[in-house]
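The next part holds the structures, each set out as structure tokens.
Next come two complexes, and both contain chain A; in the first it sits with chain B, in the second with chain C.
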Partner chain A sequence: MKSKERTAFILFCILPTLLIFSVFIVYPVTQVFIKSMFSSSGFGGNQEFIGLDNFVELFKDDVFLKSLKNTGFLMLVVPVITLFLSLVFASILSFGELREKHLYRTIFFFPSILSFVVIGILWAFIYHPNMGIINEVLNWMGLDQFALTWLGSKDTVLWAIALVMVWQAVGYYMVMYLAGMDSIPRELYEAASLDGANAVQQFFKITVPMLWEIIRITIIFSINGVLNISFVLVIVMTSGGPNNSSQVALTYMYKQAFVNANFGYAMAIAVIVFCVSLLLSFISNKLTEREIH
Partner chain B sequence: MSGNKGVKQRGSKIVVRIVLLLATFIFVYPLIWNVIASLKTNKEIMSSPWGLPAALNFDNFIRAFTESSMGEFIINSFFVTGLSMLLLLILVIPTAYALSRFDFKGRKTLHNFYMAGLFIQPVYIMIPLFLMMNNLEMLDNRFWLSLVYAAGALPFSVYLLTGFMRSISKEFEESAFIDGSGYFRTLISIIIPLARPGILTVVIFNFFTFWNEYALALVLISSDEKKTIPVGLANLMEVQRFATDWAALFAGLVLVLLPTITLYALTQKKLTEGMSMGGLKG
Partner chain C sequence: MKSVFGKMVVLLAIFAVILAGCSNGKEAGKEDTPAKGEDANVESKELEVTVFQGGYGDAFWKQLAVNFEKANPGTKVTVTANPDIGEMIRPKIIAGNPPDIVYLNQTDPSGVTQGMIKEHGFTDLTDLFAGNALDEAVPLKDKILPGVLESVYMSPYGDGKIYLAPYNYNVMGLWYNKTLFDDKGIALPKTWDEFIALNQVAKDNDRALFTYQGTVPGYLEEILIPAVYSLGGQEALDQMLNYDPEFWKTETALTALGIFEKIAKEDNALMNGTVALDHTQSQTSFMQGKAMFIPNGNWFEGEMAEAPREDGFEFGFLGIPTFNDNDPLLALNSIEQMYIPKGAANPELAKEFLKFMYTEENVKLNGELTKASMAIVGAADLVADYLSESSYNVFKAVESGMYSMSGNFAPVPTGVNVDPREVLFDQVASIMNDDMTIQEWADKMYDVYSKVAEKKE
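Our next item is the complex of A and B:
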């Protein structure tokens, strides 16, 4: 009797959630993979199984290849800069013995809770050629020749967007690293100090190895985080321009689906992006594998 | 010798402070600039990007409400955020309770199933979600949007809350069972109050996600009067590129930032604690 009641209660607890999660998350995930093999221009009706044709087409599509290259660029450059700066700031705040360090923690973390749309709009104005702060500062310093149309030139646009992503995420990873650093025994640093190791040597010989497992996790977080924020920033800041030089794979996917109604083609893009991010996560995981001391 | 070292240390401390102040400026200035710009006239924004306004122009905010429907968007965002949160809690609390407290067949599989969901980005599934919800006539509906948000928030919330519930001592519910309290009552009157800090963490984390969400709201909602504020602002940005009522746009940005800043000021400590917990165990 009691066990029957228990079973009923467990089912009551897990089934509604499982049902909703399956319908709204799991089913769409399976659909991405299945529909990527259909020539579907959308709403019901005319769908035809075409195997891998969408994928073959994609690798002949110059705009897609460009967008994939841009995505790859961001997935490599942004995590490297972000995580390095996060580590440096975390070290400074963990070992600097500054009384105001909690204030910095709060301030640096703040951008990571802002809406990507708000961030995109603000930075579009910071980069604005006439009224943006960056060019204003350059003019003021007499460096007019470096004042550029940051988002309007194909040479600078991708770096400009990458910089915003770094700005947004540095504090987030810094907080993660701080938690790890606070648990490193201070005796290690004292001993290293006595042996004559300077701050930079201590950073690379003690801090980085001790945090290695956290660093590995943050690399994967950061690679995948790029996908989400780049989608919004590109839509808000540049619409992929100029001449697709800031187009990323997921904005191109969005365009194929909701502008051109090429749903099958768009889902093939989603599959490729998913596989690339999984592959990069896997590679970074393999490359960063270390013996546990 | 040691005096020399002291000087050197003080010197490097000054360098560190300068670096930190510079970084603070870079992190904070865009927001301060935004607030100042929201009080300027359009002419002032264009002619002196650095300058302060000659007078405080609160009519930018009035225009944001009257001409750009910011008020409507904000109400929609509050509604969707609140409803998503309610649905999420109704779903996640019983699930986390069952997963953390009862040993049943398939428990581990189910837990791993939700954890695998951590790898699914909403942008990946926006197209099939759109097509499915189109077939089921669920598009352009704030309730279904909220349910999608709640479903998407499940993996991380299950992860946080099961972790938290595991740390609650079992004695409380055992004595409740002995006193004759049923499973359901024990959940409501023993577990939920005890798990309140964990539930609060779930609420704080997801508030920012729900309030800021853009991609799904963009494709699942079509009519202007149902849009949430990130979508409304992105549209406005598009329009203002040509119409140049930037002051109203900045006023709109300030309006979205207010709830975010308020909640952050109130919960900042809990947020960073929860985050380092999540990061370390993830």
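Our next item is the complex of A and C:
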């Protein structure tokens, strides 16, 4: 009797969340899947059911394949560099004997509170080929041949965008790691240093394993973050150029949906992005699984 | 435990009531709107005008609305002007509650007009233009510049029906710094060979020959369309604009594309970093004297009014060079588009509003407030006093010998997921970066056009 009441109570409590979740998440996502099988302009009329044709077309569309490749590149490069740097900075700030600790903490976190659009505009000017600070400095040092058109060449544009994303996110994850590091017992480090372990060994043998659960979460956060942030940065900084070299899956989806008025086709892209990110989260979760003692 | 449970029940009940209240309100609102729309049709005479607020501002529309209300007592015109008007009206159109009049170009990044064309979402305006003008006893269509209503801008489906109404008339071509050319006695290029030859002069004057709106390469149609016309005449141009794949196998196509290759290959011809710059950045660089020529339209001076510039900078309009010594310079024109969406609450009044807009008085008002000329016969003379010097010179150049041609890519058939025009100009960056040859460019376009041609049948 008591357990029945308890179940009713639990159901009762999750009902509002479930309701909101269904209306704002489940319903739109199902719509995406349904719309991906139609040819439509997104303006209401003239919907034609075409089955999986959109998907067949997609894998023949070289711009889409390029955008998928670019997204994959960013998803691989950005989380690895970001999380590694965040860990290093966090441990330096946590254990290092720096007097300006708090100042650095604030400075590193600063980009995280800026809007992505502002960051995009800011960096577009930093990379500006003729008056950007990077090329000005390079020219001043006499390294003219290295003063490239960072956002205008297919070889550099993705790295340039990746750098902005790393710069933006390092502080955010650093703060997360700092919080985690504060909870690691200092005795472990004392014992390790008595046994003769140096700072690097302590980092890999104590800090990283103790933070592992947090690192796992940040990996998934970071991969999904790349998906969203790259959209804004690409729109603001390059509009996908030069010749689609910086096109990412979401910018291409947006372009197809709202510029070319191919709404069904865009939804097919959304479906693929959905599957890919789900798959990646799953894989990274599995790969980083460890037994917790 | 029990009392907590009881409280929860009450709380949830309140929550449910609020939710229900909200949703009821929405439902009621939804039902209300069409009813109100029907009413408006017969009684209240309300008109919702939404306009793109770009280089021409919104002053004209506000004033026009006031004048229209005065001339038609009992009507009420609401004007909404915004640079992102497309994003603002999209949800309204999808919800089946579109504004009565829209002024928004096909090339707008929101893609709304593009989508409406695909969707066949316009009210037929053929009868409006067949009927008499408001201030003269001639059919309205006779007042519009010849050829405009029949063009793909206004009759997108080629079925003889007019679905879009013309607004301002734009002329586009290459621009230069007039002061520089006058002071140094530099001769203006008439052919593409002379143009390329000016590279040395550009170098001597410490600037590149050419720049363009790198991340918005669509501006280059102002060069490519006239170039194709110059080489192959209207026939070749029609082939390109109507997606005939064979066009890309012709010598005409390769020679026209060759202009961009020459600019890419010649040292100093392309301004450093152009491909990475957006339109504002590249236009500013041009005005600061970093490049000698840039493509743009007659709105240039108004658009860049606030931009920094080199000493003595003065806008000069060249037009587009040709491939033949004896041909007149070319310029590409385009016409701003207005339309009444299908399902607008008040289409008849909207047509009256358009008719009202084309009266002589309002053409003048438009000239005064937007510094531009409507696509009306004799409009350029009517508004001559108001035009900025540079844009007056553009219209004057077109009147005196320069050939102003029109050309617009045909709408793509449904089921085609690529925009051939976009693919065409996206490749320019690869040409400029020397990642691609023009043969590869032409081959790529052949493939894209073939796909379009397949769906056309």
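Keep this in mind: the second predicted complex is superposed on the first by the 265 of 293 C-alpha atoms of A that agree within 3 Å, B and C clash if a C-alpha of one lies under 4 Å from a C-alpha of the other, contacts with A are read in each partner's own complex, and residues count from 1 in each chain.
Note that in this section contacts are C-beta pairs under 8 Å (C-beta built on N, C-alpha and C of every residue); 3 or more make two chains touch, one makes a residue touch a chain.
Bear in mind that the values here come from a model prediction, so they are computed numbers and not experimental data.
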Inset, instruction - With the two complexes overlaid on their shared chain, look at chain A and say whether chain B and chain C clash or fit. - result: clash
Inset, instruction - Quick one: classify A:167 as touching chain B (first), chain C (second), both or neither. - result: first
Inset, instruction - In the overlay, answer first, second, both or neither for which of chain B and chain C A:130 touches. - result: both
Inset, instruction - Name the contact category of A:244: first (chain B only), second (chain C only), both, or neither. - result: second
Inset, instruction - Identify which of chain B and chain C touches the larger number of residues of chain A. - result: B
Inset, instruction - Mind working out whether A:152 is in touch with chain B, chain C, both or neither, as first, second, both or neither? - result: second
Inset, instruction - May I ask you to decide whether A:105 touches chain B, chain C, both, or neither, giving the answer as first, second, both or neither? - result: first
Inset, instruction - Answer with first, second, both or neither: which of chain B and chain C does A:258 touch in the superposed model? - result: both
Inset, instruction - Could you look at A:38 and tell me whether it touches chain B, chain C, both or neither (first, second, both, neither)? - result: neither
Inset, instruction - Please indicate which partner A:12 is in contact with in the superposed arrangement: first for chain B, second for chain C, both, or neither. - result: both
Legend entry - Touching both chain C and chain B, counted on chain A across the two superposed complexes: 9, 12-13, 16, 42-44, 130, 258
Legend entry - Complex contacts: residues of chain A adjacent to chain B: 5-7, 9-10, 12-14, 16-18, 20-21, 23-29, 31-32, 35, 42-44, 89, 92, 96, 98, 104-111, 113-118, 120-126, 130-133, 136, 167, 171-172, 175-176, 178-180, 214, 217-218, 221, 224, 227-228, 231-232, 235-236, 250, 253-254, 257-258, 263, 266-267, 270, 273-274, 278
Legend entry - Complex interface listing, chain B residues touching chain A: 13, 16-17, 19-20, 23-24, 26-31, 33-34, 37, 45-46, 49-50, 91-92, 94-95, 97-99, 102, 104, 110, 114, 117, 119-132, 134-135, 147-148, 150-152, 154, 182-184, 187, 208, 211-212, 214-215, 219, 230-231, 233-234, 237, 246, 249, 253, 256-257, 260, 264, 268, 271-272, 275-277, 279-280, 282
Inset, instruction - Over in the complex, which chain A residues touch chain C? Could you list them? - result: 9, 12-13, 15-16, 39, 41-46, 57, 61, 63, 127-130, 149-154, 238-239, 241-245, 256, 258-262, 265
Inset, instruction - Mind listing the chain C positions that touch chain A in their complex? - result: 5, 8, 12, 15, 90, 93-94, 96, 109-111, 114-116, 118-121, 214-217, 272-278, 281, 285, 290, 414-415, 417-419, 422, 426-430, 432-433, 435
